[in-house]
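One structure is given here, and the rest of the page talks about it.
Chain IDs A, B, C, D and E follow the sequence of writing; residue 1 opens each chain.
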Amino acid sequence: MTLFIKEYQKKVGLPPGTLIHIGHKKTDKSKISLITYNAENFEEKEITKIEDSYTKKEKTSIYWINIDGIHQTELIESVGKHFNIHPLVLADIVNTRHHPKIEDYEDYLFIVLKMIFFDDKTKENVSEQVSLILGPDYVITFQEQQGDVFDPIRDRLRTASGRIRKMGADYLAYCLIDTIIDNYFVIVEKMGEKVEDLEEELLNNPTQNTVKKIHKLKRNMIFLRRSVWPLREVTSSLERGESKLIQESTKIYLKDVYDHTIQVIDTIESSRDMLAGMLDIYLSSVSNKMNGIMKVLTIIATIFMPLTFIAGVYGMNFHNMPELSWSFGYPAVLILMLGIAIWMLAFFKRKDWL
Amino acid sequence: MTLFIKEYQKKVGLPPGTLIHIGHKKTDKSKISLITYNAENFEEKEITKIEDSYTKKEKTSIYWINIDGIHQTELIESVGKHFNIHPLVLADIVNTRHHPKIEDYEDYLFIVLKMIFFDDKTKENVSEQVSLILGPDYVITFQEQQGDVFDPIRDRLRTASGRIRKMGADYLAYCLIDTIIDNYFVIVEKMGEKVEDLEEELLNNPTQNTVKKIHKLKRNMIFLRRSVWPLREVTSSLERGESKLIQESTKIYLKDVYDHTIQVIDTIESSRDMLAGMLDIYLSSVSNKMNGIMKVLTIIATIFMPLTFIAGVYGMNFHNMPELSWSFGYPAVLILMLGIAIWMLAFFKRKDWL
Amino acid sequence: MTLFIKEYQKKVGLPPGTLIHIGHKKTDKSKISLITYNAENFEEKEITKIEDSYTKKEKTSIYWINIDGIHQTELIESVGKHFNIHPLVLADIVNTRHHPKIEDYEDYLFIVLKMIFFDDKTKENVSEQVSLILGPDYVITFQEQQGDVFDPIRDRLRTASGRIRKMGADYLAYCLIDTIIDNYFVIVEKMGEKVEDLEEELLNNPTQNTVKKIHKLKRNMIFLRRSVWPLREVTSSLERGESKLIQESTKIYLKDVYDHTIQVIDTIESSRDMLAGMLDIYLSSVSNKMNGIMKVLTIIATIFMPLTFIAGVYGMNFHNMPELSWSFGYPAVLILMLGIAIWMLAFFKRKDWL
Amino acid sequence: MTLFIKEYQKKVGLPPGTLIHIGHKKTDKSKISLITYNAENFEEKEITKIEDSYTKKEKTSIYWINIDGIHQTELIESVGKHFNIHPLVLADIVNTRHHPKIEDYEDYLFIVLKMIFFDDKTKENVSEQVSLILGPDYVITFQEQQGDVFDPIRDRLRTASGRIRKMGADYLAYCLIDTIIDNYFVIVEKMGEKVEDLEEELLNNPTQNTVKKIHKLKRNMIFLRRSVWPLREVTSSLERGESKLIQESTKIYLKDVYDHTIQVIDTIESSRDMLAGMLDIYLSSVSNKMNGIMKVLTIIATIFMPLTFIAGVYGMNFHNMPELSWSFGYPAVLILMLGIAIWMLAFFKRKDWL
Amino acid sequence: MTLFIKEYQKKVGLPPGTLIHIGHKKTDKSKISLITYNAENFEEKEITKIEDSYTKKEKTSIYWINIDGIHQTELIESVGKHFNIHPLVLADIVNTRHHPKIEDYEDYLFIVLKMIFFDDKTKENVSEQVSLILGPDYVITFQEQQGDVFDPIRDRLRTASGRIRKMGADYLAYCLIDTIIDNYFVIVEKMGEKVEDLEEELLNNPTQNTVKKIHKLKRNMIFLRRSVWPLREVTSSLERGESKLIQESTKIYLKDVYDHTIQVIDTIESSRDMLAGMLDIYLSSVSNKMNGIMKVLTIIATIFMPLTFIAGVYGMNFHNMPELSWSFGYPAVLILMLGIAIWMLAFFKRKDWL
């Protein structure tokens, strides 16, 4: 996950609506899949030309066109032409640096979302931009690469489970959005676990490495926040249902999606609150350890410095040192030294340093 | 109290409205209790089938159906069918990871609340989700387990004390919500006491353990805040009384509930403000202790290092050291040493280190 | 001043509107004083039964009924009955844990305020709840104990100075509120002085005790803020004058009260801003002192360790140490030592440590 | 500049509208100057009685009455009487503890401003309250003392430069306000320079004195903020031009004033942002220096402690120490010591401490 | 980039609308370029008198007049006269200390923008004020010096690529604004890279220099924020299209510009969030290093102080020290010392200090 926009430079100075792919080319060749369904029928196929997918005449089925790979700008252009989509929308689709947003173009709604999932290989959260165009009887989805979180929906469409086959294109769009947001919960759960692990580590055995982990988690949190906060606007705008493309019966489901978004945001904020004070706790623990180290040093120095001094005194070579010739001089000095050491230890005991 | 959503993964990809219990199974078997009352009569019984509880014909009594245990999703489904409740509401009821919210479905209001009470056994605050459906002449409450804070209300219903028996279902709902919020005060009082104890400890004898306690309290505060803040929205929405299910005479009581919510929030915010600066005070106290330790070390080193050096000088084996053979050499050196020590102590006295 | 709600537990589960006194019992017996006045006449007496105070017929005078002591709930109930006041209002009057608020009950306005004054004995700010009911021709005030800040108003009523005797009950209510807020300035001035003293102390001679004072002041500030912020809402709501009980001519005075409230809030916020960074300055000063201590230690150690080492070398008992028998060996070593010491001091001078 | 309200106590308990001068008496005797002008004529004189200044009949000239010195409350009262001004306005004029505000009394606008200028003698910013009353054909200004920033306006009036002589009283008021705000830029520029100097000092050679300077600047910033923020409200309210006293042609100039206010606020906020993190940088630099000191100490101790120990070993008086009689014992030990020292230095080199 | 207003003093006291150039004189002589175009024709030339550029009669072409250099106030005045522009607008044009803003003067829109680009020579971001006046069929741009980011637009005009030649003056204005904002992305990308580099440095090898870099970046961020935040207001006001000068077809493009502004702001905020905690991480790392240093010192002292003491004891000159004459006394003491050293090391091992 990168926090900062890159490659934008490519676009500077070009006329608006110029299609320039910004982002990593994550797949080799774009792929178009078409699912046509209504309450009775279901058809699923792969096509090569967008013109084969949909004609405006037939009105009895719902069309879901999914395009994996957005770096072939000529394909995106042909989609734009066939469905009569504004060039700025197309430019937004091929630019993967967008934040979630919704735009109402009367004939269709344009929605940008971020699909976030945990990559088992890199052990990192991966973010992929999904653009969605909702028309009266079609949904077009654009993804950066193959593989997504929509398989359960395809299964539901195939098996006609739930109400999905009986409802319109807006309900399909809702299902897609809902699935993406549901996946945030998985990310957020994982992050919550990490925060709790870190908390444990922090209170029991903090190291400089803990600081790095806290920093990394904060970084991820900033990224996640940025992806999720605008979603609030998107889902609330859908739920208020100002577009005629959203039917009344779907709105209650969109309210549910909005609730989920709020819940995700809320959990992210709680994690942030948790992380916020952690560095201070680390600092207090480091200071505490320092105090411990200093105590050891001070105790050692305070005991042995006077003793070494006394030994030094009786190591002087003055001719006239009567104590040296006393027969009990040596044991007396040893006892004196012991006494000083005990007295010092008692002093530290009283000061609660031991 | 857990801060983070868990088990959500179960739900990912399922059709909306699928009933999946999310949360700990806190009770073995669900239990349905039914209380029927009006100004004259009162009846209380346990039933096994929801269909026995209520028929739409009779309009002279108020029905309070309480269900303990929400993991038996087929029971929740039968309730939904009997009272004609939207599947999304049912899905919300069995998912215990919700924040307080209110939804208006015209025929009924759906309210989610968090009942928080102090568990004497675990010495922890325990949170239980209570879902409440308010219809024209019935209230259905769903709880995670048996045992709740509603006994005083049951008593008032039985003894017909107060106005509760004379009022409608909306007043019963108000009483339930009021009781839940009243219990927050108890939690908040306990927390306030802890904050004050911690303050005392912090100013008099702070240890690393104090830091852990502060952290734990902050954590609880984050949790509590999350449960209480949305309540504000819920109670204010009730008080504004946009629903026709809320009678005019009940609104003034709901305003009172709103006031209470504000008071709870306010106290939580004060606690947060108090906790916010505490770690800094701890750090300042640790730094101060460190200064004390360093002073001891420095005083000892500064006194004994020069003395030991002098002793070392006269311990050298040079043949030609005239002082060694002076008869007053030894006492002279001892006096010199004493003088240095006294001078050093005076120096530290002047520096205010002693 | 206590920050946290206490004794609330008493109320949990009771029917709404039950009168339970929450707070310290600050006086033994409640006292009712009645002041009746109009432009011509003024009468002041103490009564024992509320029924003696006011009858609805007469409309030519303004009645100010002041009740000291709110723990006798039966008295409060009789007031409620006589003036036809809602039970929830009465319950609010006897619960001293409220924040300032205003409620419009059409026939009367209910206002809760906090009277704050500095107690010369305990050297603490003391807070007392004052509830005020404003009717068409009467004002009822409820105080926790005898003694208040309203004596100047009584004097003005007695001597008929200012316009107070010519105006209605709303103007009397304004005068009472204005006097309470005027007293905040005194508190706030005192606090400002403390902040400035603390600032002085912090910059010149900070000790751990300074930290405790900062903390205490912050605490008081949190309390004061909580009492004053809601006042803003109260006074602005009065000034907007939505109630028919407030005459047009009084509104301009209420705007003045609102201005004063803003000024008090503003001063509190400035104090907060001042206090906010103070602990950091303390920490920086402690760190600085630590640096000073460490410098002393390091200078001493760095000078005497090499010297002691040299003395140690010539204290070794090797048979074959030619230097020992040189006749200038001893003075040469002493000069060498002096040279090292001087060189070290020059080094520290250059490092700006001396 | 004082941050906190003082002397307010004087006012507590007095009837509203009582004229009590709050503030320093900055001048001995109040002075009234009158400027009368229209497109053709200009007259400037000093008067002693306000009644001489203006009569309501004549409508062909604009009157600017300026009063220096507000402690003579009887003069202010006579102004109030002559121009029919509300007593609360007069009370506000003589109380210099106000924040900028605007009040619309239909017949006139009452505006309170703070004139801030740098006093070359005390090297402090000085703040003076300017109250301004704008009537249909007159402007009255009240200042705490003689000397102000309005001389350029007087010059423009005298020389008839610019449009000022052709416009109404509202344009004159605009000019006065504009001049006051223009002077803020001078203050703000000075402050900006100080912040930049402090930044330089902080990064190159921070001392405890830097902390005091930062604190003082923060303090000034808090004061300035408090004076400037309410101006935003004042100028925006003027610009929206709700009062009939403001002509349409003047509004565009008032928008310009509003823009300037925003710019001043913006610069203050930037300064605050700059100052906010400075103490942390100081702390990091102190910590860094501490590390340097500790390194010196540790290096010295680590090198000389082992060497002194070895010298001590060969200073022991055991009869049977074969090394002592070896002829190369002494040089061998010296070489050993040198080796240890070099090895230690290499160790610290590797640890990057040298 | 300077954060603070300077040279403002020049303006204080002058009549409003006086043209005073505030800013660096960045070019010697002002230059006027004129581009005239419509769908068929394109003409580009340099002119010397503004009166040659445009007459109000012809309505078939769009005029873009660009003026480099704004210090020649008489030129700006002649433009104002020719196009009938308000003097305050002209005063704003020659004052380069403005923040982005938009003002609607019915006949024309006045927009102030900041063009920010990276200067390869000074390695600093450079900011230049661009003022833009949009009339019905003309756009006038004022720049501080020659050289800008508009060359791609000139190319598009010349080659008639894109829709620019077919659209009105509002579309040209949009293109100019869009290009300026596109350049922000380049700045923001660079800044993002620096933040990431700093992060790397901070976690791996932080020095006091890192602190200075963090501070410098924060400073730049404050500056950038100030330039970009008001843009939000400007673009959103354009997009809402309240002016009749903006055609409906252009609004969708302005919405795109608004989106870009939001994206830039968002990235700046993320950078700020990243930078915010960095100093704390530095402090934690310094504290950690200090702990390491102290450990070394303590270990050395704790090992050698007791050993040196023992050596000191057997260096005493008492006559009666039986151990001295034992034949195994010396090796026994050496073994004792070794034992103590090993025991100490084991102790530190156990304490996890090694």
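One rule holds in what follows: a contact is a pair of C-beta atoms (placed from the backbone, for glycine too) under 8 Å apart; a residue touches a chain by one contact, two chains touch by 3 or more.
Keep in mind that this is a model prediction, so the values were computed, not measured.
J.: Same or different: at the chain A/chain B interface, is the fraction of residue numbers used by both copies above or below half?
T.: Copies use mostly different positions to touch.
J.: In angstrom, rounded to a whole number, how far apart do the mean CA points of chain A and chain D lie?
T.: The separation of the two C-alpha centroids amounts to 42 Å.
J.: Take the average of all CA coordinates in chain A, do the same for chain B, and state the distance between these two points in whole angstrom.
T.: About 26 Å separates the centre of chain A from that of chain B.
J.: Mind pulling the residue numbers of chain A that touch at least two other chains?
T.: Each of 280, 283, 287, 290, 294, 297, 301, 305, 308, 312, 315-317, 321 in chain A touches at least two other chains.
J.: Pick one for the touching-chains graph, please: line, ring, star, complete, other.
T.: ring
J.: In the complex of these two chains, what residues of chain D are touching chain C?
T.: Residues 3-6, 8-9, 11-18, 86, 88, 97-99, 101, 103, 208, 211-212, 215, 218-219, 222-223, 226, 279-280, 282-283, 286-287, 289-290, 293-294, 296-297, 300-301, 304-305, 307-308, 311-312, 314-317, 321, 323-330, 333-334, 337 of chain D touch chain C in their complex.
J.: Going by the contact rule at the top, pick out the chain E residues touching chain A in the complex.
T.: 149, 151-153, 156, 161-164, 175, 178-179, 182-183, 185-186, 188-189, 192-193, 195-196, 199, 203, 252-253, 255-256, 259, 262-263, 266-267, 270-271, 273-274, 277, 280-281, 283-285, 287-288, 290-291, 294-295, 297-298, 301-302, 305-306, 308-309, 312-313, 315-321, 353
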